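What follows is a group of structures, each given as C-alpha cells.
In what comes next, subunit A is part of two complexes: it sits with subunit B in the first one and with subunit C in the second one.
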Partner chain A sequence: MADTTYDRQNPAFYVLIAILILMSVGPVIILLANSMRLDVDITSGVGGLIFMPTIRNYETALCDILWYEPEHLRFCQIRFGGAFINSIIIALISTALTLIFGCMAAYALVRFKFMGRDTVSLSTLAVRMIPPAVLLVPVFGLWNNAFCIDNDTLVGGWIRDTFGGRGDVCLAGTHSGIIIVYVAMNLPFVIWILQSFIVQVPKSLEEAARVDGAGPFQVFFLVVLPLIKPGLAAASIFTFRIAWNEYLLASALADRDTMTVPILIVNNASEFDGLGTIFATGMLLAIPPILFTLFASRQIITGMTAGAVKG
Partner chain B sequence: MNRMTPYMFIAPAALVMALALFYPIGYMMWGSFRDWDPTQNISETEFVGMANYVRLWGDAFFWESFSVTLIFAFTVVVVEMVIGVGLALLLDRNIRGMSVLRTLFILPMMIAPVVVGLVWRFMFHQTYGTFNRFLNWVGDTWWGSFLGIGPVDWLGQNPLLSVIIADIWQWTPFIFILSLAALQSLPRSALEAARIDGATGWQQVWFIKLPLMAPVLVVTMLLRLIDAFKVLEVILVMTGGGPGLSTEILALRIARTAREFRELGEAAAMSNYLLMLLMLLTLGMFAFNRWTEARSRKLKFAAEEEG
Partner chain C sequence: MPTIRLENLVKRYGVVEVLHGIELEMAEHEFTVLVGPSGCGKSTTLRMLAGLETVSEGEIYMDGQPISAKDPKDRDIAMVFQDYALYPHMNVARNMSFSLRLQKTPQNVIDKKVKEVAEMLGLSDFLARKPGELSGGQRQRVAMGRALCRDASTFLFDEPLSNLDAKLRGQMRAELALMRQNVKKNMIYVTHDQIEAMTLADRIVVMHGGHIQQQGTPTELFKNPVNKFVAGFLGSPPMNFLEADLVEDGGDLRAKGQGFDIRLPDALAARAKAKAVHQATLGVRPSDLEFDANAPSDQSLDLNVVVSEYIGAQSVLICDCGGAKVTVELKSETPIALGETLRFAVRPEGLHLFDKTTEMAL
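Moving on to the complex of A and B:
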C-alpha cells in the first residue's frame, strides 16, 4: 500500500481524519502524560502537556523488582512487579495452548467434515455469547471445591499435615486454574477465525504431501500451519489481549501470589493518594497492546474482519 | 488409526471446553436451584427449587439493573452503528492518512478495559478532569458565560451517559473497520452501473451500498450487541455501578451478589436470566438473517421469472 497514489480530496476530509486520530489517541496520551507527573501536578493541572516528566511513579510501581531502592519510598506498597510476572506467565501460556488446541480443532472441523461447518459456526457463535460474568459463580465454586485433590484421599492429607491450611489442593489460586479458564473462553473464537483461513488452503497441496508419505500430523504441522500464519498471528493477538486484560475471572480465582495486573489496578484505583502511580501501572499494562497495534495492525484488522465478513 | 484421526485433532479443545466451559455452565444451572453460600460445598447446600428465580422476579433492584443493562446495550449499539457506518461511508475513498487512522483506531479496543476505565474516570473528574477543565475554560470566555457553559458533574449526575460515551469511544472503531472492509469488498460493477445511470451519492448509499452491506452489518451488530452485555471492567472502574444503582449493569450485579452479598445461588439464577436474554437476542438475530436471506432469494427468483 506504500506506493499508492492518492486522489485529491476536499480538505474537510483531512480535518475529519485528523480529528478522529486525535480522539482515538488522546486518552492514551493523557494516560502517558499523567503517569509521568507528580500527584500534585495531576490534580492542580498546571502546564497542560508541557511539564517536567518524572519516572518516580514508575519507580513506585515497580519497587519490588527494581535493583535499587528509590529514595522517595519508605516501603514498597504496590507490588506491581510480581503481578506483572504473573500476567506474563498466564497470558503467554494460555495463548500458546489456545492456539495449538484451536488450530487442531479448526483443521479437523474443516477437513474431515464429520460435522457440518454451519453447525460449528453457529455453536461457536453461541458459545461466544457467554459473558465472563456468567462463568464467575460456577468457576469460583468448582475451582474451590470440586476441582480439588481431596483432603482425605491422595496427597491432600499429606499437604495439610506438612504445610497446614485447608488441606486440599485446588485449582483456585494457581496459574493453571486461571489459564484453563482463559483457554476455554478463547477457543470458540480462535476456532472460528482459523476455520476461515484453513478453508483457503488448497487441498491438492495436502494430497501431494500425503502422496510423498506424510502422516496426518506431519501434513498439519509442516504444510498447513505455515500457510495460515496470518490467521495464527491474528488469533494469537486476540487471545493474548483477552488473557492479558481480563479482570473478573482472574479476581475470583487469584490469591495474593497469583494476582494479575488488572486486579492490582482495580484494587488500588480507589485510593486517591497514588494517582500518578496507578496511571504508571495502567501505562505499563497498556504497553503490549499498544505495541501490537503499532506493529501488527494489519493482522489485527484481518482477524477482526475474517470473523465477521467471511464467517 | 485413520478413523480416529479427526477425533484426536479435536480431543484437546473439546476436553478443555467441556471441563472449563460446559461443565461450569451446567454446574451453574444446578446451583441456581440451591441456597448456596460461598463457604459451602455444593453438595452440602439445600435444594430450594425455583426460589432464587422467584425472589429475583420480585426484586426491584434486579429489574433496575436489568433495565440499565438493556438501556446501556441498545443505546451503545445504535449510536456506534450510526457513527461507525456513517464514518465508513464518508471515508471510503482513496485518501492520505486512512492507513494511519485505521491503525490508530484499533488502539481503544486493544487497551485493557481496566485502563480505559481509569483514564475516562480521570477525564470525567469533577474538578481536575479534562472535560470539566475545558468547560471551565470555555465558561470563562465571554461567549461561554453568555451561553451559560460550565462544568458538569459527569459521574455524579450523568453516570450512565458518561459510561456510554466511554464505550462509544472504545468500540465505534470496531464497527467502522468492519463496515469499511465490507464496503471495500462490494462488487465494483454494481457501483459503476449506478454511477453511469446517474445515481446521486445519497442514492448510491441508500439503494446500493447499504443493502449490499446488510449481511455484514447484521453480523457486526450482533457481535457488538453480545459484547455490549459483556462490558464490565470499564464501568466497574469508572463508577463502580453507582451512584445508587444507576450504572449497575447485570454483569456487575452478578459479581456483587456473589462477592458482597455472598448469595451464590441467587447470582447463579441471575446469570441464567442474563444467559436466556442473550440466547433470545442471538436467536432473534439468526431468525432475522434467515428471513432476509429467504426474501432476497425470493426477489431474485421473481426477477428471473419476469426476465
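Moving on to the complex of A and C:
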C-alpha cells in the first residue's frame, strides 16, 4: 500500500484537467444527447440530461436505407444513408489500396538499390507539400474530359455498367475517381511512415527467410509484413481519417450518387427538417472513424521485433 | 552428401576487392572452420556460399555442380546467423518449421520433425513461446533447431556463439561438438574465436586480408604454422615473438637477441641455413616455456616478471626479455615475486623461426 501514495498535487491542476476533459468530451455528450431528443425538447431548452430518448432522428437520417418506413415521415427527404455507404466504401477502399501500394513501395525504397532511389524517396515527401486545393482544378478537368469514354464505344458501356457513373463514363462522379485521388494524396505519407518501420526490420531476418527457402514475395508477406503491422495500423488510421473527413476534392468530384457524408451535411444542413436530425447525422459521422481507430490501434503493439536478433 | 569446392573465389564491392581468389575444398561430412580476425573475408565467403552475396569471379561447386548462380533456396543449405534472426512473430515451433511449411510438407511430418529436433536440443517445453520470451541461450538453440529441422546437406554457421556470455558459450560449444558427432552433414563454421575453431574443427582454414593463410587439422596448424600470422593467431595465450640474429657457431646455429642466446635444434637450423637468412623472428609458445632454474643457458630464456595474471590453477606472467614482452604460463603455486628474473627452459620442438620480411616460417 505504501507504494501507491502520490505526491500532493495543486488543486488547480485538477481543475485544469477537469476543464480540459469537459472541453473535449462535452460537445460529444451534447451531440449524443440532442441526437436522441425530439426537436421540441431541443429548442425548449429545458430538461437538461433528463428526457425520453428516441431514435426518431436516426430514422429520419437513415430513412433511405431502412428496411421499413418510419411512421413519422411522409417521404424520405435526405439521402444520408446512401452518402454514409459511399463514405465507407471510399474510405475503406482508398485506405486498403494506399496500404497495399504504400508498403510495397516503401519496401522497395528501403531494400532495393536502384537508380534514382533517393530522388524518389525525397520526392514522395515533396508531393505532400502541395495543398490539395492545387490538385483540384487539374484533377477536375482531367476526370471530366480526358478520362471520359463515350456511351457509344464498347468499353464505355462496360465501364459504366461495372463502376457506375454518368451517361458518358467519366472518372468524375464515380467512386473510383475519388478513390484514385485519395490514394495519390495519402500514398507519400504512408510510404514515408512505413519506410521508417521497414528500416527497423533486421536484414538478417530476410536473409534467414531466403535461406529457409522463401522467394521474394514470401519474404515480404510472411516475414516483413507481419513485423510492420504497427506501422500499417498507424498509417491506416491516418489515411482512413483523411479519406473520411475530406471535403474539398470530394465536393468537386462527387455527384448525386457518389456524394460522401461531409458533402451531404454541408449541402443539406439547412434543408433538414429539424435540429435533431442534424445532431443524429453528426453522431453517425463520428462513429466509423472511432470504431476504425479503436480496431486499428489494437494492432499497434510496440516491440514487435523483440527477440528477433540479439542487439 | 556433396563435397564443396571453391574455385578462385573473388568478391569485389565496387573497386575494392575483399576476397582474392579463395581456393578451398571440403570433404564429405567435414566440419570446416573458417577463422580469422574481423574483416578477413570469412563471413563474406560463407555468405557467398549461402547465396546471400553475389560471386564476383570464380565458382562454387557442390557435388561437382556449379551453384553460384542459384538462389539461396535452391542450394540445399541451412544457416545459423550470428544474431539468430528468429522470426519474432512466430513461436518456436513455427520458427523451426518455417522452411518445411514453405515446402508444403504434410503437417504430421512437420510435427514429428519439430518434436524430434526440439527434444534433441532440449526445447520441448518452449515450443509455444515467442523468441522474445526466451533467454539468449534458448534463442541460440532455436536458431540451431531451425537449421536442423530442414534436412539440408550443408550447414553454415556464422559466428553462432559470439553473442553469448562466456559460460554459456563454453556450454554451447560442447553441445555443438556433440551435435557434430551425431549429425552427419557438411558443416562450415565461421568464427573469430580460435578456441572454438580448435575444439570443433576437422579442418581449420585461417584467413587474413582476403587470403587463405593456411588450412589443415587443428594439430597441424598449431604445430606447424606456415607463417607468423597463423602462429600468432592460434593458441592462447598467443605465441611470443622475439627478434633474433642467426649466428653460426661451429656446426650449430644460434639465435641471438637481447637477453637470449639459444642453440637451434638441428632440423630447424638446417632449414634456416638453406635459406641463408641472418635475421629472423623467433617464435615460442607460452606453453613451450617451462620454469626451470637449472636449465642450460643455450636452451632457456631469462625473463623478468612484470605482471602476473592469476587465473586459477595457472597464472599468466607477462615478462620482459631485453625490451620485448614475453608471456609464459606457470602453475600458480610456484612462488614468484614481481621484478624477479627467472629462467625458463625452451622445448626444442617448440621453437619456430619466421622470415623477417615475408613472415613465412623457415
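Simple rule for what comes next: the second predicted complex is superposed on the first by the 242 of 311 C-alpha atoms of A that agree within 3 Å, B and C clash if a C-alpha of one lies under 4 Å from a C-alpha of the other, contacts with A are read in each partner's own complex, and residues count from 1 in each chain.
As a working rule, a residue touches a chain if its C-beta (ideal position, glycine included) is under 8 Å from a C-beta of that chain, and two chains touch if they have at least 3 such contacts.
Here the structure is a predicted model, which means the values were calculated and not measured.
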| item | value |
| --- | --- |
| Partner chain in contact with A:Ala126 - subunit B first, subunit C second, else both or neither | first |
| Subunit B versus subunit C as contact partner of A:Tyr68, first or second or both or neither | neither |
| First (subunit B), second (subunit C), both or neither touched by A:Val211 | second |
| When both partners are placed on the shared chain, which of subunit B and subunit C touches more of subunit A | B |
| Touching both subunit B and subunit C, residues of subunit A | 304-305, 307-309, 311 |
| Residues of subunit B touching subunit A in the complex | 2, 5-7, 9-10, 12-14, 16-17, 19-21, 23-25, 27-28, 31, 36, 38, 41-42, 87, 90-91, 93-108, 110-123, 127-128, 130, 133, 169, 173-174, 177-178, 181-182, 185, 216, 219-220, 223, 226, 229-230, 232-233, 236-237, 240, 250-252, 254-255, 258-259, 264, 267-268, 271, 274-275, 278-279, 282, 286 |
| Residues of subunit C defined as touching subunit A within the complex | 50-52, 71-73, 77-79, 81-89, 98-99, 102-103, 130-134, 136, 139, 146, 150, 163 |
| Parts of subunit A lying in touch with subunit C, wherever the complex brings them together | 202, 204-205, 207-215, 218, 222-223, 226-227, 303-311 |
| Subunit A to subunit B touching residues, read off their complex | 1, 4, 6-7, 9, 13-14, 16-18, 20-21, 23-25, 27-28, 30-31, 34, 42-45, 97, 100-102, 104-105, 107-109, 111-112, 114, 122, 125-142, 145-146, 180-181, 183-185, 187-188, 191, 216, 220, 241, 244-245, 247-248, 252, 262, 265-266, 269-270, 278-279, 282-283, 285-286, 289-290, 292-294, 297, 300-301, 304-305, 307-309, 311 |
